[in-house]
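Quick heads-up: structures coming right below.
Okay, so subunit A shows up in both of these, paired with subunit B first and subunit C after.
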Partner chain A sequence: MANNNPLAETTFVQSGDTRRSAKISRETISAIAVAVLCVVLLLGARFVSPSLGSWSQVETVLILGSFLVVLSFGQGLVILSGGLDLSLPAMITLGGILATNWIGSSDPGAWYLLPIVLLVCAGVGFLTALGIVILRVPPFIMSLAMSIIVSSALLGYTKGTPRGAAPEMAIALMKGSVFGLPAPILFTIGFVILGWLIQSRSIFGRYLYAIGTNVEAARIAGVPVFTAQVLPYVLSATCAGLVGIMLVGYSNGATLRMGDDYLLPSIAAVVIGGSSILGGRGTFLGTVGGALLLTTLGTIISAIGLEFGLRTIIEGAIVLTALLLLREELFQKLGSLWK
Partner chain B sequence: MSEVLPNEASTSPAPVMGSLLRQLTQGAGLIVILYVALYAIYGYLQPRALEPYAIAALMNNTAPLALAAAGQTFVVLSRGFDLSLAGVISICNVTLAVVPIEGPGGAALSVLLCLAIGASVGAVNGFLVAYLRLQSIAATLATMIICQGIALVILNAPGGFVAEWIVYEMTDRLWGLVPVSGLVVLSVVALWLMLRRTDFGVAIYAVGADEQAASLSGVNVRRVRFGAFVGAGLLYGLAGFMLSAQTATGNPNSGTPLLLLTFAAVALGGTSLAGGRGGLFASVIGAATLTLLQKVLFSTGVSSFYTGIFQGAVLILAVVFSTAISRIGEEK
Partner chain C sequence: MKLNTVKSIALALALGSTALAGIQPAAAQDKEKFKIYLSLSYSGNAWQSEAANIVKALAATPPYNETVELIEVISGTDPQAQISAYESMIDEGADGIVSFPISSTALNRTIRRGCEEGVLFFMYDATVTENCAYNVSYLTAGFGENTAQALVNELDGKGKIFLSRGVPGNSVDKRHTDGAMHIFNQYPGIEVVSEYYSYWDDRTTQQETAKALAAHPDVDGIWAQAGEYGAVQALLDAGDRLVPMTGENSAGFRLALANPDMQEKGLSGVSAGSPPAQSGYAFKLMMEILTGKRELEPMNIEYPLPWVPAASVQVCEGDVYENGCNVFPADRVPSSFVSEVLNPVLLPEVNVESALNGTPVAGATIQPLPAEVVEAANEPGINCSRCEASETLYELTKIEPTVQP
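Our next item is the complex of A and B:
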């Protein structure tokens, strides 16, 4: 399959021993490990600086983490189905710029345009998916090409300087509070539950695991392969557009580079959360843990005051470590030691 | 085995009619024709484009992308993807801007420094992919992030000056006619044409086409993969050197814009992204075509805002087209 080519180098992995218990424990273990690491980091941060590790910092991490949680849900679905979505930065910017340009702050009655903004993002995601599924362009090339096409179109559309202010809906979502709890945290909790239901409890989710493991086998087994391959990209683009709207609500405006810093973390969150970059394995709860862990690390590192370059190096090292730890062979070796 | 071997138009003897199609599908023939046609349009739009000065300027613009695309070809041929070039080129660029060494000796030292940087990162990539069996996209994504961080640590904002000798001599023309940057690219192509005939050159194609078959035929797959990444790294180092000569200043993000374009250049050159088929010369011409396309768009008055739309569209079309044409070639 052409769309599997970039990810097909190390697919000679044996999956002979697929005892159910072993499979479940592997994913659960990495999800739990990530969650525990998060808490340890937050508590341990108290030793670095007393202002860290407080409830207000937990709140900050949850609010900042909400962007990454929503974003990496879409990225996670794409990776699960055996692809990769590199168009997220452009889609975030698309959502943000359309929200400020079409809606702005002047007309609170124009809230109905928000779903339309998301629909536009979904449409672009659909085009990306068509290129991958029908034209057989490798996923990372197609999404990268779509990314520069959308960025370039936005650059021309805004003439280089985005105008407009954040819509009130977006501000209410990111800055408001319900029953004394910050609205973005409640929203994230709702989103996580919904995402978990979609990925782990729906038929669509099962289809993704099936095509991510083996497209041909899934086709023979009667999985609607076309729909299952296209929908992840549509959902991923929609999630990215939503993140754009959230970012606009959070920072009161859009910039042309607002999405740039989110691509690598979105992939890193999925990988750290225990998903296979090859597709077919991983849980959304693990990804949520990965996203929160990355955000926690980010806030702690910036609180310590490390310069941007060192932060980038640490980020890369974390991704590399996660990749090395999640290697197939390592788990097989551990499994054989167990026996 | 002979089917996976390259058949580049530039080196093969006079083509027999029967192999003409294969010349087009597997060699650089198609992309060379495209390049010449585009250059004719450019010459028509800008009559001054054919003067030595304009040609040298175009070569100087082309060289960094052409060298980076040549490096990418190594990895793609052996069935992999290399994202680390964005980081390697950035590190080389900021290093040359922070530590300018004057004079011809300094330039030689600088080239060696860039090659060493490229080879080290390439060796890390090769180790991760060939020996630890990580996914090439994922592994090089991680090394790219780390390298970008290192570049930021060396120089955290655009600035600095590249040694004047490098800036002037590497972008100059020999005898007022032959651009030095063109010669650098040409010598890389010549080296490749020699390398291609060696065991290592053949093994790269074999590994890319069918890893298991290559392994069974006695090819040391790991060593070949490792070598491909190191070779790619060396070329990225050279690309970083030539980019610094052209921009004359340092920028910790200077390599990033080249990343996507190398894939576009490789795909335009007809090298299969699934590995095992294509060639370095075709990628170099592919890179030249992309650079020329920007010039042509500019001279037709398209706003530079929209350059990305054309680049993205060309990339998608190139991949679709090269997949389709290689499928025709296989059926033949």
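Our next item is the complex of A and C:
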């Protein structure tokens, strides 16, 4: 899918239309701004506690943030295509519980079951997408309904107590190290590159921008609308299943509520990263920045010795400020001042 | 289409809909049987489902398998849902309700109405302040102060510690932390460098502890409520150094306490805290009253605080706690399994499979409870509303201070 791009890009630039390149650069600026904010926060954290701002804190942020990065890639695709996926917590739990139940720690040879777990998640995501695209159920209702169905089925399946332990593959992914670097960090870097290629450099990615902006216009322009609407949900569910497996490797077991804390952060990371909640705009690199910003903020905030309530107020205020500062109107104004 | 309006509605829905819908059973009226309801909060964590499974197993053990009709209702985390669940149970002619109450005060009016209609209310673990209900709970047994003193003893009265707490604003979390701070405040050498909410969950505890460790890698000890095994894992993730810590009853934590490798890395401490076995004790007490074997006015009953220091952890070989063993091995139960779900004295009828699946033990019959029940001390807001706290509040019961403030 990704191979045809350079060609597509050249033709586009040759047409003399510079609007798209201007837009891309604006989105790049917002991605860079989020990344800069992360670094500033990390360095500023030394004032909160002298141990912060060290490499070990960066490691903590990257490992804790890896879940959100993977998750918000899927959420970002769905939002880009003009939808919203509220089934992520249930899909995380599904991935985690299937990984511990089907594989467990007993049989290291059963690694081939991991892709099957992801396939099951993808299948559920496909059902969600069918409801949205064919039955025309609004995305949030359909994904919410699927979320309730899946989590209730898991409650019944596990009888309330998920059994089994983390598969060795999952533990190696989250706890191992390659060339002295923690494996989850390398994995996240690889995932980010792949995600960026899919969203910004593949035809499929372009289709998503097109249908997210205007479905009818995209249809007339010859975009395969059905595929482009279904695939984001499938990928989103697969990513959530993968996060479930990663969480199982990280905390060595599954619980029925393991995904609950991730729904709103997954949406927030996408929006902070400069994407439009209405679809059609945004980059994955911005989303990665948003995810890391939220995680960095979390680690620093928890080090401040204030009441819990005050800490969450500060956290909310910083997120809000970041969002306002990163609005594109601001960049436009700055840009016009520059000229 | 106004998609942004739709999306804000979606967010509101997502926020408000974590609770699972309750199940309304339409069981046929059977005059021969006692109609007993089991009213739960969310049943998606190990603690809640073990507590429910024990009651189900007991209700399926002879003679109760013939005489009891047990109906389970899950109300999520919303007190309003539990109020309406109680209302329908009362209207359907319940003989008794065994329940984990979601709020200590919000249910009072409904409970009062039920009492007037002759329904017995037995609350386990969490409590209500309505005095016509029976509270069966370890809360007054002093988890916070006793574990805090144990940690202070391990640390020789000085050092930097983390507090891994429960759910913000929850009365149980507040009672535990107040008790612990009562002790820590007496020792100027003890410095609480980080305090975070872990929602009684392993994974949240692990992530929150990892964050706290980034700011304070030199921590000397951890005082934790449930979820404590996550703190052990966060320490292992950050390096090869463990510290003395206290926590609740997860199999993972108990096995770690007894593991020589972990001890060598610096782990020591005590496993105490909330026992799911309270539900079974509450159910058996209620059935003894209903069947006329016991006379007991509504009161607050104290369940003893489990107390297992590292040196006393013993791994079981069979299905029950016998010969002093108190934890099941890792290939038997998940690490989040709450070990204090069995009690050889109070609940000899059930075993580990009952706790995991709600199944009765073949050949077992219901055994009578010890005649004596322990009355719990008054604690305002916990088990009574207009009352004075007892003078022995925060008095140590399980451990003596080995260092003076």
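Note that in this section the second predicted complex is superposed on the first by the 281 of 339 C-alpha atoms of A that agree within 3 Å, B and C clash if a C-alpha of one lies under 4 Å from a C-alpha of the other, contacts with A are read in each partner's own complex, and residues count from 1 in each chain.
Operating definition for what follows: contacts are C-beta pairs under 8 Å (C-beta built on N, C-alpha and C of every residue); 3 or more make two chains touch, one makes a residue touch a chain.
Keep in mind that this is a model prediction, so the values were computed, not measured.
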| item | value |
| --- | --- |
| Touching partner for A:G131 - first (subunit B), second (subunit C), both, neither | first |
| Which of subunit B and subunit C A:L94 touches, first, second, both or neither | neither |
| Which superposed partner A:F308 touches (first subunit B, second subunit C, both, neither) | both |
| First, second, both or neither for A:M169, with subunit B first and subunit C second | neither |
| Partner chain(s) touched by A:L208 [first = subunit B, second = subunit C, both, neither] | neither |
| First, second, both or neither for A:M258, with subunit B first and subunit C second | second |
| First, second, both or neither for A:F140, with subunit B first and subunit C second | both |
| Contacts of A:S151 with subunit B and subunit C, given as first, second, both or neither | both |
| Partner chain in contact with A:L41 - subunit B first, subunit C second, else both or neither | neither |
| Shared subunit A surface residues [contacts with subunit B and with subunit C] | 84, 138, 140-141, 144, 148, 151-152, 155, 159-160, 264, 267, 277-278, 308-309 |
| Of subunit B, residues touching subunit A in the complex | 79-81, 128-129, 132-139, 141-154, 156, 211, 252, 260, 263-264, 267, 273-274, 303, 305-309, 311-313, 315-316, 319-320, 323 |
| Sites on subunit A touched by subunit C in the complex | 48-49, 51-52, 54, 56-57, 60-61, 63-64, 82, 84, 86, 138-141, 144, 148, 151-152, 155, 159-165, 175, 247, 250-253, 255-258, 260-261, 263-264, 267, 277-279, 298-300, 302-303, 305, 308-309 |
| Interface residues, subunit C side, partner subunit A - complex | 3-4, 6-7, 9-11, 13-15, 17-18, 20, 43-46, 48-50, 52-53, 168, 193-197, 201-204, 206-208, 210-218, 230, 233, 237-238, 252, 330, 334-337, 356-358 |
| In the complex with subunit B, residue positions of subunit A that touch it | 2, 5-7, 9-10, 84, 131, 135-138, 140-142, 144-149, 151-153, 155-156, 159-160, 264, 267, 271, 277-278, 307-317, 319-320, 323-324, 327-329 |
